[in-house]
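What follows is a set of structures for review.
Same chain, two partners: subunit A is paired with subunit B first, then with subunit C.
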Partner chain A sequence: MDRSHLIEYYKDMNLYDDIDKNLEVLKTLLKQNSDIIFREFRIGEKKVKAFLICVDGLVDKALINNSIIEPITLETRKLNGNPLNKKSVYESLLNYFITTADIKEEEKFGNVVERILDGDTPVFVDGVDKSIVISTKGWEQRSIAESTTEAVVRGPKEAFVETLRVNTSMLRRRIKNPNFVIESLKIGKYTKTDVAIAYIKDVAKDEVVEEVKKRLNKIDIDGIIDSGYLEEMIEDNPFSPFPQIEHSERPDKIAAELLEGRVAIISDGSPEVLVVPTIFVQFFQSAEDYYERYYISTLFRILRLAAMLMSLTLPSIYVAAVTYHQEMIPSPLAISIAAQREGVPFTTLMEAFLMEFFFEILREAGIRLPMQVGQAVSIVGALVIGQAAVQAGLVSAATVIVVALTGIASFSIPAFNIAITFRLLRFAMLIVGGTLGFFGIIMALMMILAHLASLESFGVPYLSPLAPSNTRELNDVFIRIPWWAKIFRPHKVAGQNVKRQNYSRS
Partner chain B sequence: MKKVLSLLIILSLLLTGCWDKREINELSFVQGIGMDIDKDKMCNITVQVLKPANLATSSGGGGGGAAAGKPYEVYSSRGVDFAKAFANFNTELSRTLFLQHNEIIFIGENLARSGIYSMLDFITRNPEFRRTSYLVVVTGGTLDDLMKLSKNVEKYPYKEILGMIQNQRNTSSGYVCDVNHFVETLETEEVQPIVGRLEIVKKDGKPQHARFVGAAAFKNDKMVGFLSEEQTKGIMWMDNFIKNTSLVIDKGPKGDKTHITFTVIKAKSSIIPKVNGDDVSFDVKINFESNMTEQDAMYNLTELKMIKSLEDLQEQKVKSEIEDALNAIQKKYKVDSIGFGQKLQEKYPKVWEKIKDRWNEIYPNVKVNVSVKASLKRSGLTSKPIQPR
Partner chain C sequence: MKKITYTELFSAMLVFELGSAILFVLGISAKQDAWIAMIIATIAAFPLMYMYVTLFKKYDANLPQILEGVFGKIVGKALSAIYAIYFLYIAARVTRDFDELNISTIYRQTPISAISIAILIVVLYFLLFDISVTIKSAHMVLPVFVFLAAMQFLGIFTINGISIKKLFPVFGNGFMPVIKAAFPHILTFPFGELITFMMIFPEIYLKKDLNKYCMALVAVTGLWLTINTVEILSALGVAETARANFPFYQLVLSMKFGSFRNLDPFYAVEIVIGGVIKITVFAYAAIKTIQSIFNLKEYKFLLIPVGTIIYALSILIADSYPLHILIGLKLTTVYIHVPLQIIIPLIVLILSFIKKPQKQQ
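Right after this comes the complex of A and B.
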């Protein structure tokens, strides 16, 4: 029988009560794996046969030694004069000797194998057609570190790691309420990735939770390596350039979103947790907005929106103004730009396009450069692109300034995924601005706006609360009202229990 | 099908692009355009064109390299009409003339006297001319002289003149008129246009610098004569155009000969038409506030009586300016530059209907009562003058 059939064959088969048969079956299924440990031993005076299986590296060896093997082999000797039959050996192991908290009985080969590969340890005893599976998960993992992609000045620093349980524990630590539910399922035929759905039961909309489960259950793929897979497979409009599901590696942010009634999707092996439903303005809200004083947060929010507009339109406006609408530039500036462009061989559109292209190359290379040479290369790159290109008369200084400003502006958007969307659209805008002028820019912006207005994320309009407008909820869009005035949850998101607090200072 | 159709629509949008594309460095920025006619009734256009490479402040001007020399060039062209003359520039210029940053249109004296209608038609028809460009009549020299003036603080003469015109906000010694304003007044039958005047000052026959002072009075599109600085001020008092100007009085309260200078800080005027049977008259009321800026007679401004008498002096001075202006436009040029007719038409439309056709005969003899109310607000930092002992 070929292997995959073998696995299918034994999947739903019950364990035998003959230990040798069990051992044989499991050996055929797992023996060729060098990292799997089979440990056979005898229990008590009657020397009842027993064995355990575990995966080296996935299990906490100290736990196995101290809480399983040691009590079984040493302690059972003390049962002198109280000879045990096979059945009662099993019972006493289950009840007395195994000293770990998380124990479960399994009866099927399929489940046993799955648990072994998950890092658990089954113990088999001769004459019993069941196995005691002990949770012994314990592997090397990245320790909790500071968030690198969403750094803040003020606020919690820790970030999610790749291990699901650690991540859920970070959320559980923040929301200590039995209504905070973490449901889990496994996705991926081969990877069997643990995926957890977390929400607060009396705050989140039931329909959203159901919809999330429905969409996740539909996924039938060989493996989920990162939450990015899930995002693409469950988002509402798969062809939109705009991300419709927010992700974050900050537990504080996810906890805050759960409190607003959103649903978090945590995937094992990925430090990025997904949150639905997502609205457009969320991408411009940094976690820090809610920790810093509200005046400051409001200022920064407006700043970020300006940066967003800049990163989308600045190069196209520059090109359009310089090639079509020279009358709209103030005279001294127009003359200065004309002077700078004197002798530049490219058209403004070509020039801006080239510089954007160079900037993107530099940025892309910057991610991949080894730390040691990174700095040197970026200095050379910046100098070549900036200073030297201008001095050689290849590009004009104004274009370099515009491209540099745009590049910097795009990095001030807190969410990287929407920043890259804008970067993508910027090139389209650039071409439209360079061929159709302001007319084209306005057309393109209108098309983008219409597209945004047509999007939806898990039943919530993407542009809400701007469109459909809800004046009451605008208090967390351009401005951030103080916490004592924030009495309601966003009602489009939180279906029930919209009230956040009773006490209000105002 | 639907997709193909929408694709075609999008493509047709894109295909309209680029037709008016012009790189900014392929334009010659016109900074000052002058128009005139010569003895043969041929139209002349003179333009001052910038050389941006020579204007660059840093060495980063692309291929500019050693950018020395004057940053502008003056070109002239001739044609049977202005459009033809303008088109003729193409025969000698490497770049397209770009008018959208030009803010002054100079009118030669000959053209002004023979009527600027054709010029006006040309500049209002061409979308590249700014309708907010200032109109200026040039006297005392040719347009070429003006464009090549060498006494500059700014980098090129146009900028100097633009600064002068914009400075009128502080001095109100010349009349600022733009194309829009001119067309508006030209199209209103009850008002006649006034245009600012730029005088080229010559020394030993060579043009030295320009002064923006006084104004030119127009009857319809023809210039009828010039107004002096004082007269222009009188007009501006009545037109409510005075913002900030100096007022020099050359006699003291007791008739003693001295100089006292005040700065007007706030002025308001109103013209009220009065009809008494067939007799039409106007009341011009001026209220203004001023500060003292200089005196050399040691008047003590802590005395109320002194303040009152200084206010009287100012009132007399302003009144005489206004009367001077009225004399010029009513008696000398016989043009209704202030728009007395308009005021009458607004308040007494029926009376205006009756006398409209005879307005040209009535106007020079219409009685205008001027009353001025001055108030001296501050004396500067010193209230009591410095007393040498």
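Right after this comes the complex of A and C.
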């Protein structure tokens, strides 16, 4: 029989009480794996046979040496003159000798193998059909570092890492309440990735939690490498260009959203934690908004909104105005644009389209290039989108400015995933702007609006609290009200339990 | 699922009402008293709206179901068919209005069919979704209307020769022209067109305060359009207003903010948005009526046929723009709007008081 059949065969089999048989089975199940360690030893005067298995590199070796092997081999010698039978050896190991906190007994081969590959260490004793599985997980991991994709000036700096437990600990440290629940499940036939669902029990809506569990349980895939897999598998409208699930690598942000009644989905191996339900305006809010003074945050939010609109429509409005609506440009500007365009061989649409295209190439190259040659891109970029291109007579200076402005605007949107969406739609907007003018732009914007209005994320309308409108919640959309006035949670998200605080400034 | 809230419905009805009505000075036959005609029509619109809401509340069903409940199956279905054609026709008329606006102002070399097709593609896209999406979108664009109206209010003072004196003398031609302009003309367009919302009322989440919101809507619409009329008349004067194809457009064209002038494309935006919402609502009403007549479970497959019919009608209903306007003023109002918006609902209401209404399940 090949191994997958063997594993299937032994999955639900009980362990034998004969230690040699157990060893033999486990060796066949795990054979050819050079990183698996089998350590056999004897216990006490009667030299009861025992062994443990662990995966090199996944376990904390110091812990195994000091808390398992040392007590078992050295301390049990003190039991001289008090000879133990096999059963009581097992019992005393369980109760006295193994000096770690997290211990569990397993009876099935399948579970034992799974735990071994998780980085745990089972200890087998002759004559007992059970095994003591000791949690010894410990591997090399990236240490907690500053967030790189969501940097802030003021606020906590730490970011999630690739290890699930570290991530949950960062959340637990912020929300010290027994009602903060972290449930876990495994997804992926081969990867057996740990996925945790975190929520605050009396704050999050039960229906949302149930829906998340239902959608996650439906997934039957070979492996989950990043939380991006999960995002695509559980989002409401799989064909929409708009992201419907927010992700963040900032524990402070996730904790704040849990307090708003959202549910976090943490996937092992990914520093990006997903949060549902998500609404559109969340993508324009930065964690810093809530730490900085509220006047300033309000200003930033309005700036970002303007940036969003610019990033979506500026090139198309420029093309439409120059091509169809020259009369609405102030005359001196119109004349100067016309003068610049004198030597340019392309139509404005073509010009803007090409420039946008080159800009996207430069941006993509900037991300992929190794650090050492990164400078080359900025030099070449300044030539391509800049004075040189204008002097060469390829494009007009106005187009260069518009394209550059649009690029900067799209980088000022805090969420990268929605910035890409706007970048994508910008090309479509350019084409309608160049063929139908303002009328076409409005038509396209109406279609985008209709699409947004039709989206839902886990039962919450994507455009709430704008439509369906909730005046009470508009205080955290375009403006941010001060914390002492933020009495309520978003009610579409939090359901019944909306009260956040009692007013304290009377 | 019923998803529409009152505020959304209110916004949608307002956008719907302003959509094309804002383009024209309604009741210009009353000369400088057009704004008084507007006010009179608004006052008369309250009982009209009240009638629609009462009818809906009594039966808790949409228009064809009410008609069938009152007149029986055969007559009810026949009347519903007339209403379906009516909705399609009005959708085509509105489409034609926007076609003409676009080709006579900005897109002088674009064929009329291109504009029609572009509008109807968007309308059909809206109808792919639940009607609540249209209503929500209208709610989202209402701030654009408010903003542009505020800009317009500031902007008119930059127009040369603006004077409130152009509204005088009040009642210079006596009362009759004013009354004649208000009835049936302004009462049927835009107020009577609210009958279309009888197809949307069943989708509202709650029904208790419906009357209050609808009355408020009539008041706000009347006020908005009255202010608009006063602005246009005092800026352009009666003669130029009567002469212009699109007086509103003429007004915004004359505004200037410093070196920014000819801001009409921005207002074209407002008009086009309103137009799309309006056509979508009419097309939805037509589709829902057809669905009700034939007891269809699904209506999505009607989108393409209905879209095609509206497209064809929008081009075929008139040979030229003056003819289109003439038909609208002389024929549509008297022979189509009045019976369908006022007389039939009134008969239904009277019959419903005589007959005991049976709630449809």
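In the analysis below, the second predicted complex is superposed on the first by the 504 of 506 C-alpha atoms of A that agree within 3 Å, B and C clash if a C-alpha of one lies under 4 Å from a C-alpha of the other, contacts with A are read in each partner's own complex, and residues count from 1 in each chain.
In this section, contacts are C-beta pairs under 8 Å (C-beta built on N, C-alpha and C of every residue); 3 or more make two chains touch, one makes a residue touch a chain.
Here the structure is a predicted model, which means the values were calculated and not measured.
Student: Figure out whether A:324 sits in contact with subunit B (first) or subunit C (second), or with both, or with neither.
Tutor: both
Student: What is the contact status of A:467 with respect to subunit B (first) and subunit C (second): first, second, both, or neither?
Tutor: So A:467 only meets subunit C here.
Student: Considering only touches as defined above, state whether A:334 meets subunit B (first), subunit C (second), both or neither.
Tutor: In the superposed model, A:334 contacts subunit B only, not subunit C.
Student: Is A:412 touching the first partner subunit B, the second partner subunit C, both, or neither of them?
Tutor: Once the two structures are laid over each other on A, A:412 reaches no partner at all.
Student: Does the superposition put A:454 against subunit B (first), subunit C (second), both, or neither?
Tutor: After superposing on A, A:454 lies in contact with subunit C but is clear of subunit B.
Student: Looking at A:443 after the superposition, I want to know if it touches subunit B, subunit C, both of them or none. Which is it: first, second, both, neither?
Tutor: After superposition on chain A, A:443 lies in contact with both partners, subunit B and subunit C.
Student: Would you sort A:497 into first (subunit B), second (subunit C), both or neither based on which partner it touches?
Tutor: Once the two structures are laid over each other on A, A:497 reaches no partner at all.
Student: Which subunit A residues contact subunit B in one complex and subunit C in the other?
Tutor: Shared contact residues on subunit A (touching subunit B in one complex, subunit C in the other): 324, 327, 331, 436-437, 440, 443.
Student: Which of the residues in subunit C come into contact with subunit A in the complex?
Tutor: Spelled out, the residues of subunit C in touch with subunit A are 3, 5, 7-8, 102, 106-107, 115, 118-119, 121-122, 125-126, 129-130, 132-134, 136-137, 139-141, 259-266, 268-269, 272-273, 276.
Student: Along subunit A, where are the residues that touch subunit B in the complex?
Tutor: Going by the criterion above, the answer is residues 322-324, 326-327, 331, 334-344, 347-348, 390-391, 393, 396-397, 432, 435-437, 440, 443.
Student: Quick check: in the complex, which residue numbers of subunit A touch subunit C?
Tutor: Within the complex, subunit A contacts subunit C at residues 324-325, 327-328, 330-332, 436-440, 442-443, 446-447, 449-450, 453-454, 461, 463, 466-469.
Student: For subunit B, which residues are in contact with subunit A within the complex?
Tutor: 13-14, 16-18, 20-25, 27, 29, 50, 52-53, 55-56, 59-64, 98, 100-101, 103, 128, 130
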